[in-house]
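One structure follows; several queries about it will come next.
Chain nomenclature is as follows: A, B and C, assigned in order of appearance, with residue numbering initiated at 1 for each chain independently.
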Amino acid sequence: MRFVLVHGSWHDGGCWDGVRHHLEAAGHEVHAPTLPGNGPAGDPAVTMTQVVDAVVDLLEDGDLRDVVLVGHSFGGAVVQQVALRVPARLRRMVFHNAYVVRDGAAVFDEVPASVAPAFQALAEAAGDGTVMLPFESFRDGFCNDADLDTARAAYARMTPEPLARSTEPLALAGFAELPVPRSYLHATDDNVFPAAEFSWHPGMSSRLGAFRLVQMHGSHEVLFSDPAGLADKLVEAGRD
Amino acid sequence: MRFVLVHGSWHDGGCWDGVRHHLEAAGHEVHAPTLPGNGPAGDPAVTMTQVVDAVVDLLEDGDLRDVVLVGHSFGGAVVQQVALRVPARLRRMVFHNAYVVRDGAAVFDEVPASVAPAFQALAEAAGDGTVMLPFESFRDGFCNDADLDTARAAYARMTPEPLARSTEPLALAGFAELPVPRSYLHATDDNVFPAAEFSWHPGMSSRLGAFRLVQMHGSHEVLFSDPAGLADKLVEAGRD
Amino acid sequence: MRFVLVHGSWHDGGCWDGVRHHLEAAGHEVHAPTLPGNGPAGDPAVTMTQVVDAVVDLLEDGDLRDVVLVGHSFGGAVVQQVALRVPARLRRMVFHNAYVVRDGAAVFDEVPASVAPAFQALAEAAGDGTVMLPFESFRDGFCNDADLDTARAAYARMTPEPLARSTEPLALAGFAELPVPRSYLHATDDNVFPAAEFSWHPGMSSRLGAFRLVQMHGSHEVLFSDPAGLADKLVEAGRD
């Protein structure tokens, strides 16, 4: 299978290294780009168009076909937009604890009301058009299934997240009707947002229409805490 | 233990073969009848009375006692009715991702509103008093944890489901008060219906009154994707 | 790690023996007191103050610091109150299928409305200021993942639960603001209360503010049915 893995906020393509290792060892092809705006040299003013263009270019420049396009977290919104641009190149979309955004909404519109003020305060504290997570939030909310060393190593990879692109309303008309099969890969111990207000599944997944559900144990950062398990589940989610 | 396994819509008794193999190897007795109306020679006009009579006859003709009566999916409604007829023959009822129907309702009354129109359209397309699932729906919605070969082999076993019996209002007064212990065996990755509208547990299970909850990973068709695991959980659900 | 394990209703400190064995074998220190009012010689009129004093005394008399304070079920309310008394002695609080009570509420205020009458009737039947669970309820509702012998052995350990302390309104102002990290360890097959009305997670856990979520398979009595698994998860929940 040919995977293109789209990372989430604060992450970069290298965060998939563990997963990539297991997928490649099983004979799969893996592309894991760093999105414009992410990584150490990220531009806070990057637009969603630049982000989507980068992934579309990767597919077109390499003439990639039969792609299993995977989006993690923020990456879900990218997958949706790429699918609208180059549906014929995709064999399946896989959303892994990922946003599925409604037409005309922005990614930040999906953030639960009880979380938004703290998020806003962090952004204002940064003051440079980015937001960074405190380690305590990341350790218990994102890496809750990892030991402290794994959580620290994961956090060391995180870089400030550009804010502007996540406030852009997204044109997603036609997404529901795209003839590209879709899967939702749900790590069930994700504790990023309050479960009483928000859920990846069925909250986000229900926006996909018909989809294949694949579930596994693990936190939002299961790509760090259990890369082998996640690789197996990506195959389950991505296969025909 | 003495199991009587009642299959669901589109299935027949042979669909339990994998599960039966594991149960018998562990020393249990297994009966897995094909319900009237199902299988290749099924009569679309079969009534619920005929279906229930067939299972009651199986128990009475064989003088079966201490039966662990298991219903999968549609089979849950059959278990309810058989239990009202011959409660003294039952040691326990087990509902496995199965309907628990309210007194006076029909099985189809439990189908979520968002799904009913598509279901209706499929029935009208068949035009012979049956309904058949398209493979795509079965593969991603029912067999989401299976590989493609397993899903295809399972689908090859499915036969058209008679419609009439599932539109009959069922007389289920007294079911709640039956002194037969009950278990709900919930395969947690079932994706047959939209999770925001419908759940086997707690949606259906909550109608049982006091019950034993047993959960496992797996799709609606875990009898095909993990028959050994399901056999183990049937023992957990069925034991005293 | 230094664990102090606070048991729930009907239990005593010895109910942790299996868990203690595994934790100590892994090099951890374990204290598992029997709360005043529980055990064979329990006084039905025991007050919540006496209960909390007993745990505070244990920590102060032994000059215990860096304590991972674990509460199971009823024990959650005890952990909350102890934390308000001696926060500096705690490294983390762990709530395991445990109540998290609101300021001014009593433990019994959290019992779902559909369950309260049956509970009341059992209490009146006892007539001595205690309540005892019938075995059938305990076996299917509390020990649903255990075999019959394990359920019977567990039930043989249960003793009548004093009622008065669970009707006391608790002074819990300031609990949310305590600078003690908190985890919720959720055994996902718990079937003590109707899932449509009540959940440990996210129902109770959502009252913790930010917390680490740890989940495992198992019933309310996973301390009996899988003590090794619970010990592992207590370490995951309690570590930094």
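Note that in this section a residue touches a chain if its C-beta (ideal position, glycine included) is under 8 Å from a C-beta of that chain, and two chains touch if they have at least 3 such contacts.
Keep in mind that this is a model prediction, so the values were computed, not measured.
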item	value
Chain contact graph, described as a line, ring, star, complete graph or other shape	complete
Same vs different contact residues, chain A with chain C, by half of numbers used	different
Superposition rotation for chain B onto chain C, Cα-based, multiple of 5°	120
Centroid distance [mean C-alpha coordinates] between chain C and chain A, Å	37
Where chain C touches two or more other chains, by residue	none
Residue ranges of chain B touching chain A (in the complex, touch as defined)	136-137, 139-141, 144-145, 147-148, 188-189, 191, 194-196, 217, 219
Residue numbers on chain B that touch chain C, as the complex places them	181, 183, 201-203, 205-206, 210-215, 236, 239-240
